[in-house]
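For reference, chains read A, B, C and D in written order, and residue numbers begin at 1 within each chain.
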Amino acid sequence: MIIVLRPGTTAQQIKHIEKKLTERGVAVHISKGTERTIIGAIGDDRVLAEMPLSSMPGVENVMPILKPYKLVSREFRKENSIIKVGKEKIGGKKIAVMAGPCAVEGRKRLLAVGDEVKKAGANFIRGGAFKPRTSPYAFQGLGEEGLKYLAECRERTGMPVVTELMDPRDTDLVVQYADVIQIGARNMANFRLLKEVGLTRTPILLKRGLAATIKEFLMSAEYIMSQGNHNVIFCERGIRTFETYTRNTLDLSAVPILKKESHLPVVVDPSHGVGIREFVAPMAMAAVACGADGLMVEVHQKPEEAFSDGDQSLKPNAFAQMMSDLKAIAKVVGRTI
Amino acid sequence: MIIVLRPGTTAQQIKHIEKKLTERGVAVHISKGTERTIIGAIGDDRVLAEMPLSSMPGVENVMPILKPYKLVSREFRKENSIIKVGKEKIGGKKIAVMAGPCAVEGRKRLLAVGDEVKKAGANFIRGGAFKPRTSPYAFQGLGEEGLKYLAECRERTGMPVVTELMDPRDTDLVVQYADVIQIGARNMANFRLLKEVGLTRTPILLKRGLAATIKEFLMSAEYIMSQGNHNVIFCERGIRTFETYTRNTLDLSAVPILKKESHLPVVVDPSHGVGIREFVAPMAMAAVACGADGLMVEVHQKPEEAFSDGDQSLKPNAFAQMMSDLKAIAKVVGRTI
Amino acid sequence: MIIVLRPGTTAQQIKHIEKKLTERGVAVHISKGTERTIIGAIGDDRVLAEMPLSSMPGVENVMPILKPYKLVSREFRKENSIIKVGKEKIGGKKIAVMAGPCAVEGRKRLLAVGDEVKKAGANFIRGGAFKPRTSPYAFQGLGEEGLKYLAECRERTGMPVVTELMDPRDTDLVVQYADVIQIGARNMANFRLLKEVGLTRTPILLKRGLAATIKEFLMSAEYIMSQGNHNVIFCERGIRTFETYTRNTLDLSAVPILKKESHLPVVVDPSHGVGIREFVAPMAMAAVACGADGLMVEVHQKPEEAFSDGDQSLKPNAFAQMMSDLKAIAKVVGRTI
Amino acid sequence: MIIVLRPGTTAQQIKHIEKKLTERGVAVHISKGTERTIIGAIGDDRVLAEMPLSSMPGVENVMPILKPYKLVSREFRKENSIIKVGKEKIGGKKIAVMAGPCAVEGRKRLLAVGDEVKKAGANFIRGGAFKPRTSPYAFQGLGEEGLKYLAECRERTGMPVVTELMDPRDTDLVVQYADVIQIGARNMANFRLLKEVGLTRTPILLKRGLAATIKEFLMSAEYIMSQGNHNVIFCERGIRTFETYTRNTLDLSAVPILKKESHLPVVVDPSHGVGIREFVAPMAMAAVACGADGLMVEVHQKPEEAFSDGDQSLKPNAFAQMMSDLKAIAKVVGRTI
């Protein structure tokens, strides 16, 4: 930690700060410059971060040196983590493709779309049984009934199930059915929910919050890992900016950055990232080209009848076309799909 | 709902859209312009919002006419809602001042700061027993022990207690101790938690999410009200923007806008809004000047020893000075403090 | 400047960095911590900022200690700068009120609105003769004709003229008519224009760019001052965020922050800040309450006929009412209006 | 244009609005719904946009139907525009690669780097002779001397020159040397400069502003085209968001969106988009994968000695490696490089 002092800070104030730091077992180096004096506090930044150093008299600015995350970091683990899910893997050579409807809307529809995406090459079925909706009057999901249909789809197609958990009270229920638990963007900083899923051993697909920095995204993964569950997968799904043409602004630079900072796999959700059907495929192409380990894509047979997110869902034939185009891109970057 | 069609939409496509709309009991008006044809769908926009109209062939754009919220709106209730909390009121002539530490750190400290803020004119004690922290390694709050100290402070000072609820599983516990339940910014779109507190009758202080539009903020209040709890108080606490000088960007224009759109009271939290001690008082002044019904302010006797948010906490004497300055501003806008 | 090294940086790499720094006359201190080695480079950060230190092998991160601005800073000049404009002053006890139409639309209209705002207590007439418009097909201003009407208004009312300069080629022309030259938000980083007006001695009202941080805002003022013109006035007019209810998000915290970081006066433009007529007055109240030295307000007699910005223009009677309300707020904060 | 009226609007107010509209030659349709009355104004939205309709008594909201841009739009011209620059083309099958230093720093350095990028496959040399710098104390470019070196590089390598114009007064000078004039991000809304280059016939590379929506980006191109210069190339170079890890947030979704909305070519600048050397190549890969017509990349032989943007400049060998990787991606999407 570097502590910059205001001009005119007294010797007594410096002594005071020094004392507070050494009390916590931190080594202190003081450098006097022509315009500012700075204190180098050499110790665990994670401990120092807890001290309100900026509040001490004479302090102008405090700058951390070390990163606040540990388990999640590339320094902690050099090689890529590969998350095993049944017979599938996320983070290896093969691109994981999670496809299916936004929400599970009924048994027949789900099984039909499951068959379609399987045929086109998807290796995970996705679908929400619990839906976070902006309006209390909107469709909120089928609950356990939806989970059962997902399980039936898995049995039929062999594809593991990715589904969202919104409430810590549903954890036991969802764990029974899900192969990968999705934590939605709106819950990325729902720390109690993160701890709860950290206690399970089910792989967690953690979506980036609408206003979450990459650093906060890493910290949320650290929450899960700190409870013992090391099976975490990042999902970039767009952030909120001033641009209104798209639903969100898909931040693809997060892909190589997360791969550098962390050993965990990174999946991209172009459906939420842009929110407009015709731009999903180009963004999926770009995601694979810059190193994504997987894709999460909404597919619906009749988007115009979808209960939610119809505008961003691909029809099965468009999805199949996209999968075919992705094969060539994957090959170029040394992956398969 | 206005539906704008692409140039070249066929008569058959228009028929198809018309059919889908009339099936839902919606009246349809078609206007052909020189460059675009538009369809006016006259019905409940809340029903129409559920239809993925943009996905229908030929549709270029869909524009809602009606607002998606109802119970929360000024149209639903013309006069200001005044929320009663024990002997105090929020939303009336008197500005509600909620003051206290960020987190309850111990019995002695809390009671002492409670006495100080009471003396300076605060009428609510605030303090977190459950703390949402970005780092899993940071202080997470005292839990029930903290709630007990808050209750003791209430007994001693007569000030009702405002405290945060983070997890639906803690609702019964927190309801026992809290006079006002705070839903934090990170949980503004935690819809299951909103529903849960909607089932209680305890007043809810709903903080604006970091990336929440005013419309979404209103919708989150609608979630709570739709469950039967009409005692909702908005709290503007800053949004996330590109500016890094301040912790957040305090959006004071939200105050008159929320007062116009809704009948519910609006409180401002300048401590989180700016995140820097010396700018808390000017922002509190501005908040009252533009019509806020209350303030939420972090006060700590030794900010440099605070477990969290020390950098934005006022010392008791600075808080007392601010309260004295606020009296004059309140008077100018026809309020008391 | 603090230079943080990556783990595993070699002694040779450190030597290399040390050499590059000492070549520039910078003193170097090296501290080895348990996890990182850091180099303190003690010298002029303005020189160091020019060196691409992050590009040197082994460097993880570079953190400046000193501020990049000088003339504009409170350290350079302790007392408030008061800018004299004819018989008026900006930055003193009296709040400067600049009022008038968005654009000068015609002689008669301008003189009439000038009389009205003067009567209501404004002390500057504002109006654009050159208008930056998003559409090339929109009204672009009357040019010199508009400047002449402004000069006539000044003669008639005694109010100095505030008007925008968009193009360095118009400087000589605008200097002839303007008492204060406005640099619009879209030109805050038009560095050639900043230099040009820095060569004049006319006071400059510098508007904050839509995406400009406070630091960049200060740097733009530094551009002007570095050319010799020290008569700079900041104007906070809202920044662009994800919120779409308002035209911009008015960042009132910029007022006390700029007053702390700089000695220059700060004016607020609530008209552009919110973009909606009915919220202009509450934001003006808030601006004065948190320490603004002035206000810039759009007033139009028939907003529904305005050539631009009609939706945010006050009618003269609403402006007069606002001025009357502001008097009481100004008094509370020790100012007059 | 759709005009939504407030509940309780009087018949007289509706008459008034109707009159104002018909005076402008606009056909009016009125629909009365259960909760709102709406007016459909069928005419040129570009004329209607000039009327401050929201200011008319009774109006709640105004929604445009038509797009404000014309010449730039895909409706105006169905097929892709291909911009010819000497023997090169931008917008055709071959990806245009513009590479070189951020700023021209000297003759020898420029010629050397020009040779290198040419060898690696670049087909345009880029370099700034006039540099927009945040600090007035930073290197501001070599001016005409820099332009001469660029011309010399062109003669030597055959690569056309892309260089920035910042000031309308330099237009004649820059036109003499440049094959493509770059308008920088900070000048995207410098409308006088846009008009000026609209009067030339030199191709214009228009960079997206830091806070510019895609719609505003299109409107700025419309400014140039409205003056007669139809040779406009879009350049996505990242927008400003809350994320601080990267210099900007590269919005790659803008590529397919601009290609859909407009017939003009789209180039991506990954160097400014991320601002960190090691993430330039993955973003370049992604850009080509999602349909970019070109790339603009900063290359410097000794980034650690660069006068500006050293941290985001590739070394020649890294650039050559990237070009080789891009070949395969280009092929997949039916392009060459």
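In this text, contacts are C-beta pairs under 8 Å (C-beta built on N, C-alpha and C of every residue); 3 or more make two chains touch, one makes a residue touch a chain.
Since the model is a prediction, treat every value here as computed from it, not as a measurement.
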Farthest chain (mean CA position) relative to chain C: A
Between C-D and A-C, the pair joined by more C-beta contacts: C-D
Rounded Å distance, chain A centre to chain D centre (Cα mean): 31
Distance from the mean Cα position of chain C to that of chain A, given in whole angstrom: 38
Centroid spacing, where centroids are CA-atom means, of chain C and chain D in whole angstrom: 26
Set of chain A residues in contact with two or more other chains: 211, 240-242, 244
Chain B contact footprint on chain D (complex, rising order): 2, 4, 7, 29, 31, 33-36, 38, 40, 42-43, 61, 63, 65-66, 75, 240-242, 244
Of chain B, residues touching chain C in the complex: 211, 213-215, 239, 241-246, 249-253, 255-257, 260, 273-274, 278-279, 282-283, 285-291, 325, 328-329, 332-333
Residue ranges of chain D touching chain C (in the complex, touch as defined): 20, 46, 49-56, 68, 132-139, 166-169, 186-187, 189-192, 195, 209-211, 216, 219, 222-223, 226-227, 240, 277, 303-307, 309-311, 313
